[in-house]
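Below, subunit A partners subunit B and then partners subunit C, in two separate complexes.
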Partner chain A sequence: MQSLGVEVLFKGKNFARLMGGMWTALKISLVSIAISMVLGLLLGMLVSRKNRVLRGVMRCYLEFIHIMPQMVLLFLVFFGTSKAFGWNLSGELSSVIVFSLWGTAEMSDLVRGAVTSVPKIQYESAMALGMTPAQVNRYVILPQAVRRLIPQSINLITRMIKTTSLVLMVGVVEILKVAQQIIEANRKASPNAAFGVYLTVFLLYFLLCWPVSLLAKHLEKRWG
Partner chain B sequence: MAEPVLTIEHLTKEYDGQTVLKDVSLQVHEGEVIVIVGPSGSGKSTLLRCINALEDIQGGEIRLRGQKITAGAKNLPQIRQKIGMVFQSYELFPHLTVMNNILLAPMKAQKRAKEEVQAEAMALLTRVGLADKADSLPRQLSGGQKQRVAIVRALCMHPEILLFDEVTAALDPEMVREVLEVILQLAENKRTMLIVTHEMPFARAVADRIILLDDGRIQDDTDPEEFFESPKTELAKRFLQSFEYTRTRKSDD
Partner chain C sequence: MKKATIKVTAILVLLVLALASLASAGAEGGKVYRTLDEIKESGKINIGVFSDKNPFGYVDENGEYQGYDVYFARRIGKDLGVEVNFVSTEAANRVEYLETGKVDIILANFTVTAERAEKVDFALPYMNVALGVVSPKSRVIRDLSEIGAEDQVIVISGTTAEDYLIKNNPEIQLQKYDTYANAKTALENGSAVAWANDNTEVIAFALENEGYEVGIPSLGSQDTIAPAVSKGNETLLAWINEEIIALAEEKFFHADYEATLVDTYGLDYEESLVLEGGGQAK
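So, the complex of A and B:
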């Protein structure tokens, strides 16, 4: 039977290195996700109001983030700004900035969608009961919006975890990069290393995202 | 005569240039039940919505016990607490149980104690035959049940006046009566109410005064006997005939 090339993982510190890379990636995702959720919620609530200027600015921001591939954004922040402003951003910090910019944009759009999907007459009937706008938002609109929001934001979270593999491009020692290094180092000894290592990477990502998407499905059923 | 509960003076309402309410003046006294009828698009819903400032107005004045009602004003939530409104589509809050739907505004807006409101809510639910539904979610109720809960929710705020906008229009015919009977009971208890309805026999039974709205103007303002038995105005006659016509056609097929 031909070797799958998985054995290279058990040579020396290779597996530990892979897990280390995974941890870096996860750390970047988690920090960016936390920032995106908070900022997205605030921005999304703001944009749901009727302020025209704010909505215009937000639309530009959203369009920009949607059009630019994340990789281009990464290069822009990592290489572009260090040239332009002379500061030295680490790969990890640039990644966090880019993923937060992206996550915040997507999240605020989800929040806006969820808030505006609550029918206007629900606001009106709550107002008619004599509650203040803040009370209406807190007790009537937000709870309904959150129920719509949770499955979608979990979907966003899994996408953010997946996309972290992109940070390889700016030199963060990250899971795919570690995988590549392992493959390079073992090219002679295990010619099938590429397959084995990538398979492992795939499985690791799957293990990371699967529980999250199961949770999403569960919540969707309960609150959908 | 005592000061009216609600005073509307020369009210004008426009939607992008189109005038929907024209110089409407109306006084509602304590314990009075006024039914507003009129063809579709005559401005009945708009009038009710102006009264609790869900719409801004372009002219005139609306006052509740002397307090001016202005859209966007600081004291608007306080004034709205005294105006109960029930919508055609119930508008219960879908994420809250029946009991919590009723408790929310008294506890948050009026800062009343939970036990006190809960006891009152339970008594009211019992009166409308829904004591066993206190812990149900709105989606587990029939339309008629939802509407009765919506009425209880409004009552629990101790409003000075109740506004009903075609509260049975979305209901299956067999559920109309259970809701209208609740409103009839309120009338017997001398509640001040403004009711928009297309149910003519109900209008006749419940009303102290009937107001005919047509094209944004009050065209007739009279007691139900006269309105239904010997309508004075040409418009009232025609309006009533439109019901005769639908009824005969219905019984024909």
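So, the complex of A and C:
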């Protein structure tokens, strides 16, 4: 049997480097996810009000993020801002900015969908009980909306984690780049390393995303 | 199309245009690069190298950058008296890194071309290169005409091989990859009939991997590899040129070859690949 090439991972500091790359990817996604969830929730609530100007602006923002591939956004923020304004953003910071912009846009759209899907009678009943609009949101609408949000926002979170594989294009050495470096440095000694190393990367991504899916299932059961 | 959608699209187009004009206005004023003095003062030089292109620029198992370009980069840092900060670049974003001043020098197997010279400033060359095509021994491609209409050829985005084939052989179908690692893996998986790249790269690949042969060792014109700096960074450019000429005294690039490339190419290619003093001191 041919070797799978996993042995290159145990040479020198290779395994620690791969874990370091995973931590970099995780850090970028965790920070961006936290920002996206908070901002997305706020913006989503705002948009579900019937303010036409606000809706128009948000619509533009959303469409812009939707039609732009994440790679283009990364280049725009990393290289574009230093060309246009002379800002020297690091690769990590650019990635967090792009992922937060993207996550916030999608999250606010999900929140808007969830909030508007709460039947109108819920608002009317709550108002009839003498609640203020803030109380209606806090105690009646949000708890119902959040429940509807879980499946799609979990989907968004796992997509954000997986898309961090693009940030190698702005010089961030994350898990996939470390994997490519290891394969390349050992191509002569272990020509099969590509299989073993990519298999390991697959398992690591799985380990990152699987707990998120489990949490989602758990929450859906508890709140469902 | 709904009216609202048309409106939104129109606003978006305007927004992008506004951003673009802003960007071009910003680029004209102010320099993006750091001068020689500014680099010395900061105590650190940013050098863009490949991190997955063995043996020119790669990372070893201890996480240290190694290779022919890296060996030279370390010497630059030592002679300037500054620390070297290696930045991992890809073939497709080398020009952007210099245009935005995100690195001070690119030492990433950067082939000198007229097109690139409009956007960056090349210093004296330190290596010779031509294009080459490698293919499996089961079907060696010895001439581009052997590539059929159904066949695909692997290239890496942003390389001279890609430019050459698009310009001179537009009939050939290209399969493009962003990273060296993925291009090589694709060739091994048989997803294309051949891989076109710098001949140094494809010779190394054929020597390292059983069952591959460089059917076309030299395609197009002889080119050179040189360090590049941001357009207009004259102080740094002049310093690098002096350095390269001074290093010819001690046959620095021969030593570099023997330290980094000899395992891959053997001694046979040393004289044809290495350039000392920019090729002027011969």
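Couple of notes before you dig in:
Everything that follows uses one rule, which is that the second predicted complex is superposed on the first by the 221 of 224 C-alpha atoms of A that agree within 3 Å, B and C clash if a C-alpha of one lies under 4 Å from a C-alpha of the other, contacts with A are read in each partner's own complex, and residues count from 1 in each chain.
Just so we're on the same page, a contact is a pair of C-beta atoms (placed from the backbone, for glycine too) under 8 Å apart; a residue touches a chain by one contact, two chains touch by 3 or more.
The shown structure was predicted, so the numbers you read here are calculated from the model rather than taken from an experiment.
Overlay on subunit A: subunit B and subunit C fit together in the combined arrangement. Of the two partner chains, subunit B is the only one that A:Pro143 touches; subunit C does not reach it. In the superposed pair of complexes, A:Arg187 makes contact with subunit C only, with no contact to subunit B. Once chain A of one complex is fitted onto chain A of the other, the partner contacts of A:Asn51 are absent, as it touches neither subunit B nor subunit C.
Once the two complexes are laid over each other on the shared chain, residue contacts for A:Phe75 go to subunit C alone; subunit B is not touched.
Contacts of A:Asn14 after superposition on the shared chain: subunit C is touched, whereas subunit B is not. Shared-chain residue A:Gly130: touches subunit B; no touch with subunit C. Taking subunit A as the reference chain, the count of touched residues is higher for C when subunit B and subunit C are set side by side.
By the touch criterion defined above, A:Gln122 reaches subunit B but does not reach subunit C.
When the two complexes are laid on top of each other via chain A, the two nearest Cα atoms from subunit B and subunit C are 22 angstrom apart.
The residues of subunit A lying in touch with subunit C in their complex are 8, 11-14, 17, 56, 59-60, 63-64, 67, 75, 78-80, 82-86, 88, 168-171, 173, 177, 180-188, 191, 194. Here subunit B touches subunit A in the complex through residues 52, 54, 77-85, 87, 89, 91, 93-95, 104-105, 108-110, 153-154, 157, going by the rule given at the top. Against subunit A, in their complex, subunit C makes its touches with residues 8-9, 11-12, 15, 19, 22-23, 26-27, 30, 32, 51-54, 58-63, 66, 87-90, 92-93, 96-97, 99-102, 178-182, 184-185, 188, 208-209, 264. By the touch criterion given at the top, residues 121-122, 124-132, 135, 139-140, 143-144, 147 of subunit A touch subunit B in their complex.
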